[in-house]
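Next come two complexes built around chain A: one with chain B, the other with chain C.
So, the complex of A and B:
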C-alpha cells in the first residue's frame, strides 16, 4: 500500500493524539519533519511544551504538543494555531518613531535612529529630573532573560526602582498571599498534585477556558476515580462547573465570608488537624499581633452558616457541605486564579485559602496543596522570581532590605548604595505619575497597558503625557497609539529564552525560525538602548541570552529559589525542570517544604515539614474579617460587572486576533446577562445593551445565557474596539496593589 | 487544507454516541475510543473553517471538551 503525503500526515496526527493518552502508535505514523524545535506555548500560565516543525526553507509549518513536558503532548486550539501568528501580515518589522510628537505619524527609521531617539529622551530626563523620572513597564510574557536584564539595567544602571509590569495586574495578590503566609513566594505543589488529589476546590477560576489543558487533567482525574470530588465556587456557570459535584454560586465579592465560614465548620465538627496546627502554625491578626488558636476559633465562629448565607447568599447547608468535603478528603487541592487575585482584598482571600489548608493539614502531601494558577506564561519565572517589580530584587529579596540590596550590588559588581532603598511606583501609581508629569519616560516591553489598565480613561493620560518607548510585534496593539518609538521585537520562537510556569517549572524556548524583517531579540534591544542611554556597558557583559541565564542561574544558588542545576545545556535536553534544583544531577522538586523532597530542607530536619521561608519556620494563619468589594452593586448601579477571558482569545488578542479562525469565533466582545434579568429589562440576544458605571458607559451586544447568576453581567476584555476597562474603577488591593477588575457596579439597560 | 489531530473527551457513558456523531461529520476521521472516554479524531479542513468545526464538535451532546495535539498547515503556506 502506498501512502500519500496527506495520508501520512493524517496518520501522524492520529498517532500523536493517541500517544498523548498513552496509546500505541500506528505503524504508518512515524515522525517526519525536517526539524522539530522544542519550546513552550506563548499563551497562558499552564506552560505547555510544544515542538515546532520547521521545513527545509526554515519556515515553521507544524506544531505539536511536547509529549515529554507536563502537558503530555496536548495543546488547546489557540496554542495549536500559533504558527499563523508568526507569519501574520500585521507584524511590525521595522523600527518606527514619531518625529514631531504624539500627534505625528509613526514613520519607519533605521535601528540607529530609533535607539538614539529613545536613548536621548531617557538620558535627558535622568539628567534633568533624576533617575525616578524614568521607568520600565514589563510583562509576564517577556522571556526570563529579558526581565532579569531590564531589572538590572533600571535598578543598578539607571538607579531607579521604577520597574513594574503587568503581573501586578494579575498575580500580585497571589505573591502577597504566599509571602505573608509562608514567607516566600511561589506554590509548594505542582501539576502532579492534580493526579493525586481526591478533592478539588476551584475558586475564582474558569479553568476550562483559561487553562484548558489543565482542565483536561482535572477532568481525567475525576473520570478515572469516581470518589474524586470537585467543588467549583464561581458566580458564573462556566464549562468548568460541568464536572463539579458542588457548584457554589455566591454574591460576587463575598467569598471571604465563605472561606471563614468553612474554617468555622472545620473546627466545630473537629475536622481540623490538631497535631499539624500545634506543631507548625502561628496566628496573627490584621494589626500584626500574635493571637492564639482559641482566639482564631472565636474569630471564625462569627461566620456561622447563617451569617455566611446573609453575606453571600449561599445556602447554609451548602457551606457545611463544602467545608466537610474540603476537610474530609484524603488530599484536597485548591486552584484559583483572577477571581481571587483581582480583588481589593485579594491578598486576604489568598491568605484565607492558605488558612484552610493549614488548619486541616491539607499540605505537603501529594494532592494536598494550595496551588495558585498563573495567568501569563512567564509571570512566575520571569517576573516574580527575578524580582522585576517595584519592591523586589532577584530571588525573593526586597529593595527595602539593606542586606538584600548589598547582596545584589555585590553580585552585580556595583558599589554598595547603588540600588535605591525606596520602592518604585507600582503599576497604577506609575501611570498616575506619568499623567502628573513626575515620570517623563517609560520603556514598555511586551505588554499592552492602553488596553489592560483599569479606569482606562484616567490612566491613558499617562501614556499621552510621557515619552513612550515600546517593543512590540503587532500593529494591532492599542498602546502603539501612544508610542513615541517602536522597536520591532522578535516573536516567540524567533528567539531563545526561558519561561517559568505556575508549577515552578522552567522550560527553554529554542529559536526555531529567523526573526521577521528587521526585528531583533529583546535582550539585544534592551542592551543597545541602555548603552546609548548612558548605562555602564560593564553591567551587560553578555553576548546572548544564554549568558544572562548563566548569571541568573548562579545568582539563585544558595537562595530559596535555587535552580543552579538548570544549565542551558540541561534545559535543551529536558522538557522543563521544577525548582528548587540545586545541582545538575538533581531531578527538580515536586513537594516544596517537605523533608526528603525539597533539597532545601535538611535531610535530618526534626520535623517532616520545614517552612524555611519564615524566620521561625511557622506559617501564619490570619484573622482576616470579611470586607465587601470596593464598589458593590447598590440601588443606583444595581448590577455587578465582571470581566475575564474566552477560550479562543488570549488577553488583548494582539496574537489570537491574527488568526482568522479564532477571530471568527469571537469577532467582538459581548455582555452576558442572565435570562431572568434580560426578561425584566426586555433584552433579547443581540440587542444593544448599555453598561453605565460611574466612570463611563459603553454598548455591547447582549448574550442572554444562564452562565451568569442574576444580578451579574460579564464582558470579556479581549476586544480593543470595546475596551471594557474604561468602565472599571481603579481600586487596588492595599498590600499587593493589584486592581479589582472582577467587581464594579453598573447600570444595565437596552439602548433606546 | 489543514490537518488537525485532537482528542475528544466525552462525558462518562457517552463515548460511543459521540464517536458516531463525529464519524458522521465529513471533515473528520475517527480512530477509536480509548480509555472509555477519549475519541481520537483527525480533521481535514481549510484553516479558516477549523474553529467553526471545533465549535460544532463542542456542541455535540456528550462532549466534555477537546484537546488538540497537532496542526499541520504546510500546504497552506
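So, the complex of A and C:
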C-alpha cells in the first residue's frame, strides 16, 4: 500500500486528534476485519442477515449487512451498532446467587455452586408439590435449539406444561388469528410480496421504527412505482406515514368496526371475488355455528360508513376510499403488528384482516397476502414453530390432543402418557400463580419480565415470591432484582444457533467470538441444570446445539412445518431458507398453499390453492362484531394511553442502552401529547406531566408533537427508570391470552 | 548591517509566530472537523440528539438530511458521524470513511462501483448523503439532485 503525502498528513492528524480526544473510545471500530462470520441481527423480527467482522485476535470489530439475505446488505441503526454491545462493561460474566433469600446481595460463585443451588430448589419443589409447581418462562429471542430443548425438558422431563414465554405478550393473537382462520400458524406470504404489492394496508404497525429495514423495502417499492398505494391506519401519525398516500386516524381500539365496514363496502360495490369465495371459503359466527355467505353479508351490512364513523370517528368517505383501495388494487399486502395483536380482541382483529383478504381473493399471488410482522427475532422460528408455549407441542401440535402427544412422546422416546394433557399456565396466569404460591420456582430465559409484564405492581409480586433462576447477559436487566440465581449466558454471536424471522425464514447465526468471561451457551446451561434437577440425561443426548437442530429438523418432516431440507451444512452455506423445504435440493417456499409453489400441495391438486391447514381445506371467514377495548377513556380518565417502541431502542434497552449513541438519542422515556391537548392542559415541551391510571401514577417529561391524535398519549416502554407498564391493566385476549398493552384510560395533567 | 539583519530576523520570527498564532486561533475558533456541541451542550446525556440543535445551527444540512432517504429511514446523524465528544462507538468524523461506515449497509453497491470505476472511493461526491430525496426528481429518476451545470 502506498500512501500519498496528503494521506499521510491526514492520517497522522487524525491519529493525533484521536489520541487527544482520549476517553473510552471504542477502538474496535477502527480495526480491520480478518474474516467475516455470517449471522442474523440480534434485535427485531425483520431478521436482517449480518456479517460480523472478526480480527486476527478473535475480536469482533465490525458489522455489515449480509448481501445474500433478504435485507440485501442493509441494516438499520441498531443493527449497525451491535458490536459495542458484545464488549459492554455491563456484561455479566460470572454466575451469581443470592444465598439468603431475596433481600441478600447477589454474590459471585462457581458454575457448580450456582447450578446445584438452582437444581435443588426445582427438585425439591417437584418432590414436594408436584411438577406443576415449577415453570419455564422463555423468549422469542432465545435460539431455536434453546427453546426446543427447554420445551422438551419441561414437558417430557419434568412433566409439566408450564412452559410459556414472552411471545405470549407479542405474537399470541397473530398465532390465534392464523390458526382459527387457516388452521395452521405462520403467514403464507414473505417479504418478496413487498416488491410485488400494489397496495399496502398497514394497520397497527409503526413499521418505520419497529421494522426499519422492511420499511425501507416498502419505500423502495413506492419509489420505483409511484402508483403503488400505501394506507396507514394508526391513531399515531408516525414516521411510517411519511411515505403513505392515506393516513387514517381512528379512536384507539375501534378498528374492528372499520374492518367490518370495509367488508360491507366491498360487497356493496361488488369488489369481492365471488369465484374465490364460492370455491374456497366457509363462514362461521362466534359460537362456532356455520353461516352462509348471505348471512355474512347481512352481518357486515350493519357496519355502514355512517355507523363506522360513529364508532371510530373516521370520515364515512374515507371508509369507502380505503375499502376501494384495498379491494381494487391488483395485489394488496396487509402488514400489522402489536397495534392489532396486543388487544383484548386481538385474535378477532387478526381474523377480520384475514376476512378482507379472503373475500377479495387478495391471497396466494405475489404481493397479495396478510403478513403479520413479528416483534422478536425468533418468536416465529423458536417459539411458535417449536411449540414452546403452554398449550402447544412442536410443529403445530397441541397438548390437548392425545394423538399429538403420543406422536411427540414416541419421537422423544418417553412412555406414552408422559406429557400432561392439561394446558400449562399462560404468561399472566403463570405470574399470578407465582404470586399466590402455586408455582414455586421459575426458570427465566433470555427475557426481562419485571420490565415487560402488564400491571407490573401486581405481577412483580410473583417474582418476589417464587424462586427465580435466570439466564442473563446484562446487569441492566430489571428482572435481576428478583433473581435468586443468575447464569451468565453467551451472547448472540458468542454461540451458534438458528433464528426464524417473520417470513418463515430460518437463518443460522454462527459463532464469531468466544463467550465473555465464564459465560456459557444457554443449551449447555439448560442441560447441566436439568441433569442436576433430576431430568433423565437420556432425554438430552446432545453434544452441541447442532445435534438438537438435527433432532428438530427430522421431527418437522411430514408436518406442515416441514424444513427437513435445512441441514446445518446447508444453513452454513446459505443465508436463510424459507420453509416448507422438504428436501435438501428444495429452494424454499414463497407462496404457501399455492400449487406449484408450496411443496406440500400436490402438483396435480385440482385447484390452484389448497388450504391444507384445515381438515376440509376451507379457511373460515368469521362474523366478529365490534367490541370496545377493555378500558376505554371515560369522564374520569379522559385520555387513552398507548405504548410502543422508538427506533433507537429495542425492547427493554438492556442491549441498546449499552451503545452510547443509542442511549443518548433517547436517554429516557417521555409522554407524547398532541399540541391541542397540551394547550388545553397548559403543557409545554419538557414539562413534567403526570399520567394517572386506575393502577398507578407516574411523571414523564412532555413531548408536544402532532404524532398522537387528540385524546391519545404515547409512552415508549424501553426505560427501566420509568416503567410505563405499571400504569397498565392486565386484561387479556380471551383466546390468545395476550395482554392489551395498547389501550388504557388515563388522566393527564401537569405536575403542580 | 548586522543589526538590521537581526531586526529583519526578529521581524520574520514575529511574523511567523503571529501568522502561526492567528492560523491556530482561527482553526480553534472555527473548526471544520468538530462539532461545537461537545463544548456547549449542558446535557451530555443527549449528545446523540443532533437534530434539535442542528435545525438551528445548520438548517440546510438538517433539512437535506430530513428529506433524504437516510432521513426517511431514520438513519440518524450519529450512525455515520459519531457523537460530538468522540467518545461513542462510532468515531466522530465530518466525512465518514466509506469502508468503515458506508459499507455497513452499502457494501454490495460499493463493490459494484469499485469493479466499474476502480478504488477511488468517495461515495459522497456522486451520491450526496444528505441530498438524495425520496420525493422530487431523484425519486423518479434515481439520480442525485446535485447537478453542476457546465459552461457551454
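Everything below uses one rule, namely that the second predicted complex is superposed on the first by the 719 of 752 C-alpha atoms of A that agree within 3 Å, B and C clash if a C-alpha of one lies under 4 Å from a C-alpha of the other, contacts with A are read in each partner's own complex, and residues count from 1 in each chain.
In this text, a residue touches a chain if its C-beta (ideal position, glycine included) is under 8 Å from a C-beta of that chain, and two chains touch if they have at least 3 such contacts.
Small disclaimer: the values here were computed from a predicted structure and weren't measured.
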Which superposed partner A:119 touches (first chain B, second chain C, both, neither) | neither
Given the touch rule stated above, what does A:480 touch, chain B (first), chain C (second), both, or neither?
-> neither
Between chain B (first) and chain C (second), which does A:513 come into contact with in this model arrangement: first, second, both, or neither?
-> neither
After superposition on the shared chain, which partner residues are touched by A:55: those of chain B (first), chain C (second), both, or neither?
-> first
Of the two partner chains, chain B (first) and chain C (second), which one does A:83 touch, if any: first, second, both, or neither?
-> both
For A:667, select first, second, both or neither according to whether it touches chain B, chain C, the two together, or no partner.
-> second
Of the two partner chains, chain B (first) and chain C (second), which one does A:243 touch, if any: first, second, both, or neither?
-> both
Please identify the positions on chain A that touch both chain B and chain C, taking each partner from its own complex.
-> 17-18, 21, 23, 26, 62-65, 73-77, 80-81, 83-84, 208, 212, 215-216, 219, 223, 239, 242-243, 648, 660-662, 664-665
Mind pulling up the chain B residues that touch chain A in the complex?
-> 1, 3-7, 9, 12, 29, 31, 34-38, 40-42, 44, 47-52, 54-55, 64-74, 77
Would you mind writing out the residues of chain A in touch with chain B in their complex?
-> 6, 9-10, 12-18, 20-21, 23, 26, 53, 55, 59, 61-65, 73-77, 79-81, 83-84, 87, 208, 212-213, 215-216, 219-220, 223, 239, 242-243, 648, 660-662, 664-665
For chain C, which residues are in contact with chain A within the complex?
-> 33, 44-49, 69, 72-76, 78-79, 82-83, 85-92, 100, 103-109, 134, 139-140, 142
Quick one: which bits of chain A touch chain C in the complex? Just the residue numbers, please.
-> 17-18, 21, 23-26, 28-30, 62-65, 67, 72-77, 80-81, 83-84, 208-209, 212, 215-216, 219, 223, 226, 239, 242-243, 647-648, 659-665, 667
